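Here subunit A shows up in two complexes: once beside subunit B, once beside subunit C.
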Partner chain A sequence: MRAGNLLEVNGLKKYFPVQRSLASRLFGQRPGWLKAVDGVDLFIREGETLGLVGESGSGKSTLGRTVVGLYEATAGEVRFEGRPVKELSPQERKSFRQKVQMIFQNPYSSLNPRKTVRQILDVPLRMRGVPGPERPSEMEELLERVGLSRWHLNQYPHQLSGGQRQRIGIARALAVHPRFIVADEPVSALDVSVQAQIINLLMDLQEQFRLTYLFIAHDINVVHHISNRIAVMYLGRVVEIAGSEELLTAPRHPYTKALISAIPEISKIRRRERILLEGTIPSPLNPPPGCCFQTRCPEKKDPVCTQIVPTLKDVGGDHFVACHLY
Partner chain B sequence: MQELSTAPLPAPPRAANASPWKKTVQELAAHPSGLIGAIIILLYLVVAVAAPLLAPYSPTEMDLRARFLPPAWAAGGSLQHLLGTDQLGQDLLSRIIYGSRVSISVGLFSVLISLLVGSVLGSIAGYYQGWFDRIVSRVADLLMAVPYLLFAIFAMAILGPGVLNLIIALSIKAWIEFYRLLRGEIISEKTKEYVEAARMLGRPGPVIIVAEVLPNVIHSLVVLVTLRIGYMIIMEASLSFLGLGVPPEVPAWGSMIAAGRDTLINAWWISTLPGLAILFLVLGINLLGETLRDITDPRLQARE
Partner chain C sequence: MLDIKHLSVKFKTRHGMVRAVSEVSLHLDKGRILGIVGESGSGKSTVLNAILRLLPEKDVLLEGRIIYEGTDLFALSPQAMRAVRGKEISMIFQDPMTTLNPVYNIGNQIAESLKIHGLYRGRERERVLELMQEVGIPSPENRVLEYPHQFSGGMQQRAIIAIALACEPKLLLADEPTTALDVTIQAQIVELLRKINRTHHTSIILVTHNLALAADLCEEIAVMYAGRIVEKGPAEVILQDPRHPYTRGLLSAVPLPGITHGARLTTIPGTVPDLADLPPGCAFHPRCPLAGKECARLVPEPVEAGDRHVLWCWRELN
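Moving on, here comes the complex of A and B:
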């Protein structure tokens, strides 16, 4: 593990068992596995934001949930502050729980509808060991930090707007003083105008509290704005990681190229040539052999792409690509 | 301030801040059928509690000179026995008043026990799933396959008559409804992000179930509790009718109906009046239960 890395993920896999019908089991079919995350390696440096993009079903949310421990990994390891999370003692696990938090995609289901904002924020403060008399002032400070006021303390989630709810979700995550936050599509359920506010809030908070983010989104524009580096996921694998500017201006992987060419642009002068991909993402129940992208790749080379799984290769300048072309 | 605006004003913040329970009570007041149900239930409860004060005679006091006396309003009736007497000359009104105690206590306690057992098992099975869920769910399926009344008859034949035995016999099968409801509700709730957020904060499973999930499913539990009490009262009456309920000397509506069925042509009131007592109580419970269900049905809450 290199110094300066807060989090490292090595060969992480998360498979979900798939129930087959009784009939197919009787005919000897083995239960299937949905390979949501299929061998991911990455690291996140202290204080940076790693953006994670990919289309729906690419496994980016599953990766985020496995990293924070909501899902148990099928294989591979997650190292936090240099130590494998699996080997933490119960006491250390408790402190890991407080150092790692999550912001959720849906601000409507991430807050308990039967609890007031006060009750929602009370739990993390209690978990951090803040004594009862000090909690009200802590709550007010938290709310102020996220751009709300103590006036909201007695409200129920259904009385708040989507943006306000997301701010409460952020306040809840901040309340335990985390070092690392996984933001799972925190703005995709919000209006565009509110999206910008939340992104700016997240960036301000990062500066104030020296936070490290894993920022998951399917909108590469949003990710580009907030991230230092971007990882592109496809069918449970990371196909390319590079600095944010580098990835947008000089993508290497054919999938990344197609993804970036699809960003809508207003300027007429700088119109890029669009790369249209054929078909849809294959099912993670039955991924293709070899390179995960071979079924749609415009630059596929037989037989290497259909037989050998490409690994991430350093192509210089902190840029890694999993593709046989390089 | 002058009232100029004709557009509907937003609800005052106080009403919007009302707790879900307060809202339920307010809505109940707005549903006449539920209110009628609640009033009927309340009346029966008062009668059951105050039975010794309300009953004009002892329910087991026989007066063989006054057998088969019709109700006061019928020909030959007397004001001494407002609802008439049975074949042993026992005062029917007093027996119906005391009979409410058996019906209500059996209905209430069998449902409470089932609620407790079913919710605990259902919560554990729904939240943790795995082997516990598989075993308990199969046992529940097995019990579900046996018709309820048949099962209760067997159980009472083994246990013997008595109020406590009635409660036990009915509870052995009644917990399944609560188990299934809570298991399903918890399975659907636990994938929601607020539960994941609670897990992220390191809250243990039992705390998450009780403090986070239960407040979100308690409304459907209340509805089921209400409706099941009505069903249990009918089951109790059926068992008592078959002579498998309470001992013969204890007045119960079901056994009163059975006692009067030989003389139904000549003395209709002996069977009919306890039957009406059951009818109105169960009607009241169902009115309340169905109103509660309508109020708490999220599909009808769209205007929120």
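Moving on, here comes the complex of A and C:
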């Protein structure tokens, strides 16, 4: 593990078993596997934000959940602070779970509707071992940090707006003093004007607490705004990682190029040539052989692209691409 | 071709009458694309539903007039209105998963409006295949008998567009047609809408929360907030030289590559107000950085800011 890396992911795979029909099982067919994450390598440096973009079904949420330990990896390893998470003792695992937190996409479903804000925030504070009498003042401080007030403590989630609920989700994650936060589409369910408030809040908190983020979203403009580096996922694999400015201005992978050209732009002046991709993302139940993007790639070369899986190659300047063209 | 005059929509609720749309006036010429942009609860979808009279009439109070090619749509009988829906004006809804009926095959669903309006008698199948071809569904002969769950999200949305186009409507209402789709698929659908507009001169009203999408497709844009239009004008003007504080706020709240990277985003404080409990005067004044005394008292009057560019703001008047 390189110095300065807080988290490393090596060859991570997460397959979900798919139940086939009774008839096919009787005839001895093996159950299928949905390859949600299929061999991902990446690292996240201390204090940085790594953005993770990809379309629905690309496996970005599954990757995030496997990294924090909500899913058990099928293969590969996650190393946190230099140690493989799998080898942690029960005691260390508890501390890992406090240092690594998650913010979920939908603030409407990730908070228990039958609990008040006070009850929601009480659990993580108790986990951190804050004694009962000190909790109220800690809660007030937390709420203030995320831009809410003491007044919200006795409210239920349904009494809060979407933006306020997401702030509670953030406060809950902060309550255990994490070092690393996986934010899975934290602003996609919010209106534009509220989205900007939450993005600013996440950036302020990062500075205050020296947090490291894995920021998952499908909106590339948002990801670019908040991230130092961006990883692009397609069909369970990372196809390109680069500094966020570099990725937007000089993408290398044909998929990244198409993805970036597809973003509608407000300014009509510097409109990019639009690359329209044919078709849709293949099913992760039955991914194509060779490069995962070969079925839609405008620059496909036979036979190498249809047979050999490309690996991430360093193309210089902290830029990695998994494509046979390079 | 379409003239919306002082449209107001009020819903009867347990908490009394809720005004979802107030005093909306819009004008659309033949072959043009108009965008209505706003956040959730701004009333933008309600305007579309009011045009086709899709709102439950016993719980809704409609005021104002909607003139389509010389006819007042609100004055039509239910039968006459049915002849307009799908044939003259048709609609594309947001969520392809819930718009299509899961138990009918795609071909039947596209042919349905042809049968209702009695068009292409005896040639329905050919017309369905032609439509599927036109909206870019590959190998229509094989897919016409498939069911919605066999289609991907993007293909479902194409099928819905084929349904909407079946009777060659003159006006297409698109309510967030790409919101449920991925960016690369969104780009395909936007190109398709543009192509339909060019080849058939179909007028389009696009409702979206995505300013960039509206910028991409529309010639004119109306920005709505809390049930009212706050600013409208040619797309370039609205996006490059917006005058209303809300439009400006919305534009600066969107991260832009190359401009805002790593910096703090400008935000609009607070949240969208509850329609049942709107602030008096200009509904935006509690969040407005420029608000003054008059803003809290009276609803702003329209101000001409330039050629076809109108806004509703007291600050601009002074």
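Assume the second predicted complex is superposed on the first by the 326 of 326 C-alpha atoms of A that agree within 3 Å, B and C clash if a C-alpha of one lies under 4 Å from a C-alpha of the other, contacts with A are read in each partner's own complex, and residues count from 1 in each chain.
Definition applied: contacts are C-beta pairs under 8 Å (C-beta built on N, C-alpha and C of every residue); 3 or more make two chains touch, one makes a residue touch a chain.
Computed from a predicted structure; not experimentally measured.
Engineer: After aligning the two structures on subunit A, examine subunit B and subunit C and state clash or fit.
Structural biologist: fit
Engineer: Which partner, once the models are overlaid, touches more of subunit A's residues, subunit C or subunit B?
Structural biologist: Looking at subunit B versus subunit C, the one contacting more residues of subunit A is C.
Engineer: Determine how wide the angle is at the CA centre of subunit A between the CA centres of subunit C and subunit B, giving a multiple of 10 degrees.
Structural biologist: 80
Engineer: Tell me which partner A:K300 touches in the superposition: subunit B (first), subunit C (second), both or neither.
Structural biologist: After superposing on A, A:K300 lies clear of both subunit B and subunit C.
Engineer: In the overlaid three-chain picture, which partner chain does A:S244 touch, first (subunit B) or second (subunit C), both, or neither?
Structural biologist: Second partner only.
Engineer: Touch test for A:H224: subunit B only (first), subunit C only (second), both, or neither?
Structural biologist: A:H224: touches subunit C, not subunit B.
Engineer: With the two structures laid over each other on chain A, which partner does A:G163 touch: subunit B (first), subunit C (second), both, or neither?
Structural biologist: second
Engineer: Considering only the touch criterion stated at the top, classify A:R150 as touching first (subunit B), second (subunit C), both, or neither.
Structural biologist: Once the two structures are laid over each other on A, A:R150 reaches no partner at all.
Engineer: After superposition on the shared chain, which partner residues are touched by A:N106: those of subunit B (first), subunit C (second), both, or neither?
Structural biologist: In the superposition, A:N106 touches subunit B alone.
Engineer: Of the two partner chains, subunit B (first) and subunit C (second), which one does A:P124 touch, if any: first, second, both, or neither?
Structural biologist: After superposition on chain A, A:P124 lies in contact with subunit B alone.
Engineer: Rounded to the nearest angstrom, what is the minimum C-alpha distance from subunit B to subunit C in the superposition?
Structural biologist: So the smallest C-alpha to C-alpha spacing between these two chains is 5 Å.
Engineer: What is the shared patch of subunit A, the residues that subunit B and subunit C both contact?
Structural biologist: Subunit A residues touching both partners: none found.
Engineer: Could you list, by residue number, the parts of subunit B that touch subunit A in their complex?
Structural biologist: 16-17, 20, 192-194, 196-203, 212, 215-216, 304
Engineer: Give every residue of subunit C touching subunit A within the complex, in rising order.
Structural biologist: Where subunit C meets subunit A, its residues are 39-40, 138, 152-155, 182-188, 190-191, 209-213, 215-216, 236, 239-240, 249-251, 253-258, 260-262, 264-269, 271-272.
Engineer: Can you name the residues of subunit A that touch subunit C in the complex?
Structural biologist: Against subunit C, subunit A makes touches at 55-56, 161-164, 191-197, 199-200, 203, 218, 220-222, 224-226, 244-245, 248-249, 258-259, 261-268, 274, 276-277, 279-281.
Engineer: Quick check on the complex: what are the subunit A residues that touch subunit B?
Structural biologist: 65, 68, 70, 94, 97-98, 100-102, 104-106, 109-115, 123-124, 127, 154-156, 158-159, 169, 172-173, 176
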